[in-house]
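First the structure, which I've put down as structure tokens, then a few questions once you've had a look.
Naming follows writing order (A, B, C, D, E and F), and every chain is counted from residue 1.
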Amino acid sequence: MRIDGRGPGDLRPITFRLDVNPYAEGSVEVSFGKTTLLITASVDRDRPKWLAEGAGGWITAEYGMLPRATHTRSGREASIGKQSGRTQEIQRLIGRALRAAVNLREIEGLMIRVDCDVLVADGGTRTAAISGGWLALRQALERAAVEGLLPTPVTVRQIAAVSLGMVQGEPLVDLCYEEDSTADFDLNLVFNDQAHVIEIQGTAERTSLPNEELLRLLTLGESAARHVMALQQAALATRG
Amino acid sequence: MRIDGRGPGDLRPITFRLDVNPYAEGSVEVSFGKTTLLITASVDRDRPKWLAEGAGGWITAEYGMLPRATHTRSGREASIGKQSGRTQEIQRLIGRALRAAVNLREIEGLMIRVDCDVLVADGGTRTAAISGGWLALRQALERAAVEGLLPTPVTVRQIAAVSLGMVQGEPLVDLCYEEDSTADFDLNLVFNDQAHVIEIQGTAERTSLPNEELLRLLTLGESAARHVMALQQAALATRG
Amino acid sequence: MRIDGRGPGDLRPITFRLDVNPYAEGSVEVSFGKTTLLITASVDRDRPKWLAEGAGGWITAEYGMLPRATHTRSGREASIGKQSGRTQEIQRLIGRALRAAVNLREIEGLMIRVDCDVLVADGGTRTAAISGGWLALRQALERAAVEGLLPTPVTVRQIAAVSLGMVQGEPLVDLCYEEDSTADFDLNLVFNDQAHVIEIQGTAERTSLPNEELLRLLTLGESAARHVMALQQAALATRG
Amino acid sequence: MRIDGRGPGDLRPITFRLDVNPYAEGSVEVSFGKTTLLITASVDRDRPKWLAEGAGGWITAEYGMLPRATHTRSGREASIGKQSGRTQEIQRLIGRALRAAVNLREIEGLMIRVDCDVLVADGGTRTAAISGGWLALRQALERAAVEGLLPTPVTVRQIAAVSLGMVQGEPLVDLCYEEDSTADFDLNLVFNDQAHVIEIQGTAERTSLPNEELLRLLTLGESAARHVMALQQAALATRG
Amino acid sequence: MRIDGRGPGDLRPITFRLDVNPYAEGSVEVSFGKTTLLITASVDRDRPKWLAEGAGGWITAEYGMLPRATHTRSGREASIGKQSGRTQEIQRLIGRALRAAVNLREIEGLMIRVDCDVLVADGGTRTAAISGGWLALRQALERAAVEGLLPTPVTVRQIAAVSLGMVQGEPLVDLCYEEDSTADFDLNLVFNDQAHVIEIQGTAERTSLPNEELLRLLTLGESAARHVMALQQAALATRG
Amino acid sequence: MRIDGRGPGDLRPITFRLDVNPYAEGSVEVSFGKTTLLITASVDRDRPKWLAEGAGGWITAEYGMLPRATHTRSGREASIGKQSGRTQEIQRLIGRALRAAVNLREIEGLMIRVDCDVLVADGGTRTAAISGGWLALRQALERAAVEGLLPTPVTVRQIAAVSLGMVQGEPLVDLCYEEDSTADFDLNLVFNDQAHVIEIQGTAERTSLPNEELLRLLTLGESAARHVMALQQAALATRG
């Protein structure tokens, strides 16, 4: 039994609130338990310099935490004057994952920036950012299509992410901060709609992982990701 | 009649939601119309270096905007690597205003950081930050007292802020972005519980201001500030 | 009686020395008592990027203090690697004030940078910068007209600034550092040639200000600003 | 058959040259084919601030590329003024991997910095850094023991890293740049001496990866890592 | 005959105005022709971290140019966010030269910062900074002795600097900007009171320099430096 | 007799290994005793902005040290976020020296960046960088000619640099770190193929230098530079 009463494969209560920002082309407030992020997707026509005309568009992500999103206050990165290595690592992961949802050739000339800001952090912020970011991205592309910015409809492949960990020899899904801080092995997985892995990042915090354990985590993650995908679809359906 | 149907002295619908952050000693989500900020007050014992032991404590504020808080996306300051002049000017104003609410000698050894992050901007973010920041600060000091961090109870003087402007020769209170962008004169006022001014910042955007006009704005501002103070008290009362 | 023998409404000895820099289009060394700044106005044709062709020109200001302009040495901002919040706040104020002197539509394609460097600081540096900066700006626009950079003569509206404060319940004008450090309320005012306020910035350092006190300060400031304007005109007249 | 004639599971020619730096406590020049790094491990006694006395020591890594380590010159990070996100992501990975080799409690008060500088880059720089970095770390700890900086001998668990990829549906080990740039899926693996994974980082560059493919890569990686470990041991043996 | 009518070995009119800053322990305004700098020497007791107690004191210099010290405006380094390579090179030279004037063992615990700010630049700013900086340093040490900060009187060895150049095959002393910009070879020399070189920095801008030409420049420089030293002494004598 | 048995005018063993980088247009590993640098010359067509079309090309140099190139580890400049004053001073010297080898008018439109990275530092890194950099530059220009980037063959004038010092009253050439740290006077000289000085930089570390001593050093340096030039030619000849 986990500290909050969940079973090993249970996700925390998840909510996706769409259209929470009055200006952004796509926006969502996502919660996994106490972990809460505000995510916006902004569409511009300022193609990155390295991308030739006719070579498609680009999707990038930025990640930030409000200083008191955590138990103790962290310094504000804007005030410190640079983003931490952790922040950069996370936003690179989010960007790569979201780009895997779209054929970039189909969004010619567009630059989509997905901003993921953590209001409250209780573990799993990067995977929540990806799962919520996909919804914001999808909305933004719909809006872009409606506004005639896209020549043809764009197929947005569904993606979802989950965090996992080995805690006291037990594979667990969607760790809260307290579980995460005692995990032996951390694993973040991003899946696509074929239930195939598109990103895997695992770290032995205390003990290494035999292959069979890694497989158990992958299986658990796949099942959890399917559940997140169903909730993403439900959020879209409710919106109508 | 104003663009949203208000009278000249009417404030937009205002809400103060307390305790929105599970970790911070004080927190509030404040809205003036669409303008929404998440504010936390964090108490630490790391006195600034320039403040001698026994010389009291300090209160400071930091201000930030999520990149898509505005109609078009702005660059993220953490990524750009510095806070803009506007950001610094605003957070200095918030900090000065909040320090005026407390006798700093009474909070020996404490460092209170008030983080004001704009989720949605539609004019008046700095005055909303001050009015909401006061609530977060007050809660944080209550919590500090409960936790024995303060030798004696601290008196927190009430403060509230309002924005005003001359628009087409008419003094208006609590301008939304659209009004603000056409104002001839902008004025931000911070009042204390004696209805005295503790901060005044006015700028002729288009036309200068005779003294009698300035007085009309001050009178209008005082009345609006009293209204904000009543709402601050109501928010505290509701909490019990 | 004030510490240097002045009456409450008396300015310190003021000097404006024009043409102190052999290269700049406009230059002035301004002194208010010991406070001394070297100000230059530089005219270029590099319009800011956000200003469309045909939409006029721009005026901006930069402010700096030599490290030992003050009683104890401050770190050099160029060496620290950034301008302080105070510096940015001041240079933003100077820039706004000077832009109010000119119809920016009339200086099509010009970029005027006014550099205000404090050689000695003894209170009132920002208001001295504005009053002196106006002279440098005016000269620079004259020079630009002579050199054919301006299609038509530009009207430069006169502006002047003064600092004030409430010291021990008494409204005083043009505070020196020693007075400023004990003031209950600080007020900086910028007036135009109609004696209307174009910028007002006041802060309760110790005590708040009832409206009637604020009015007394405004009246005192207006009279002092008229005196500064007369000295600005005298400096221009002397030059011939 | 691969572009350089290797079989799918073949590593490129690997060399570890120990003691290439006359000053560092540990040093190695490592080559995987053309990819070449100079690695040093430096031992100091400046414990990080967040690490309490008696709580052990710390190991960290820094990564850099000479500007012309790559086909076209990249800007020098020292001149640009910050490390890229890629650099930070890589050095965080190296540091985590190397810390997994040591019980940090056993190196009380020591700070070991492992510098990994890429002289020539042809794919696989981060895994070469880990495999070579382990040798430099091991030497540095031996030296520290000899110099009496360590109370008791430290056990250094062997670790090694390999890069893999799916290229045209084929799992390949130790990709050179040309292979890497056409890979469908990239995978970096770090193993310990039990042949257990301690770090896994995989990214779908073009196509996602079913679990069974991931397993094939893991198996291939394990075998390659064993081979790297044998070469590490041989390098140590040669040294005597 | 030179462009301003001087002979090859003639210095421009030189002035040293002492005590121009009311706060600094030492200050001087130095002019070589149009070139003008304001120099202050500030005495503090914050010994650099790398200097052990009992190991003496330190002298350092900082150099800056007001943005419009030159014919066309340069960006302000504080605003750009870093000092240029040229600035750093110059301030390192000034610091080294001034340290050669004092036995650092004799100024135990003192940190002396010499700030050299160029108000107007017309060639020779670094050598004027050294020649003027010596006067500011000397005054500051006198003041420190008077205030009891120095156990025993400090001997300050006189130093002076001159700029030279080969212009159209002719060795010239104290080049103005126009001469400097056409020089074939630039040479900056710092001499001590024995007329020995303590710093030499020469650069072939257009043509290289045979040894005998270098000697001619050295001889010319020595004579000019003696003249500067006489003027330094005269400035001290006038002050009484 | 010197600490490593050399006579006063003897250089340490010098090696120039050409073509050590598989990508760069020119590359060399240069050693003077233990001092070792990896140098590359990269040719691009991105003319600096300030250089008008038709006005030629440009050559610039960047210098860096691996953190553990020295006895004790130095902070990594990329991580610190800026290049030190020493680094900038050195890379400016290298760039100036190399530009003196070429008529920049003859390399129209080319930008050549010479990167000098110190692998091991034992004194004389800047002069080794210049002597080795000349070889890399020469190769890069040959390659550019072969690839048709140059309309006409470019004459590359030979240059070489040596470090010297007065140690205990004795003029010595090519000081190692231990000698350098006890030198009374340091001198770096760059010569061209006429044995004329093109750069001279000397500093009294402990004692000043009479002109006749300076001459002795110049004579010694000229002879040493001729020897370095012969080795540069030998390296080119070996390459065929």
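We adopt the following convention: a residue touches a chain if its C-beta (ideal position, glycine included) is under 8 Å from a C-beta of that chain, and two chains touch if they have at least 3 such contacts.
If you're wondering where the values come from, they're calculated on a predicted model, not measured in any experiment.
S.K.: Trace the shortest chain of touching neighbours from subunit A to subunit E and give its length in steps.
M.R.: 3
S.K.: Could you figure out which pair among A-B, C-E or B-C mirrors the E-F interface, over half of its contact pairs being identical by residue number?
M.R.: From the options A-B, C-E or B-C, the copy of E-F is B-C.
S.K.: Only C-alpha atoms count here: how many degrees separate subunit C from subunit D in terms of the superposing rotation, rounded to the nearest 5?
M.R.: That pair's rotation angle lands at 180 degrees.
S.K.: Between subunit B and subunit C, two touching copies, which fits better, same or different residues at the interface, with half of the numbers shared as the threshold?
M.R.: same
S.K.: Using Cα averages as centroids, what's the distance between subunit A and subunit D in whole Å?
M.R.: Centre-to-centre distance between subunit A and subunit D: 28 Å.
S.K.: Could you grab the centroid distance between subunit A and subunit C? Build each centroid from C-alpha atoms only and quote it in angstrom.
M.R.: It comes to 50 Å between the two C-alpha centres.
S.K.: If you average the CA atoms of subunit D and of subunit F, how many Å lie between those two points?
M.R.: Comparing mean C-alpha positions, subunit F is 33 Å from subunit D.
S.K.: Among the residues of subunit F, which ones contact at least 2 other chains?
M.R.: Expected reply: 81-82.
S.K.: Should the pattern of chain-chain touching be classed as line, ring, star, complete or other?
M.R.: ring
S.K.: Ring order from subunit C, via subunit E next?
M.R.: C, E, F, D, A, B
S.K.: Which residues of subunit A touch subunit B in the complex?
M.R.: By the definition above, subunit A touches subunit B via 21-24, 27, 34, 38, 40, 42, 44, 62, 64, 66-73, 76-79, 81-83, 87, 113, 115, 117, 119-120, 122.
S.K.: Where on subunit C is subunit B touching in the complex?
M.R.: 82, 85-86, 88-89, 91-92, 96, 100, 187, 191-192, 194, 196-204, 208-211, 214-215, 218-219, 222
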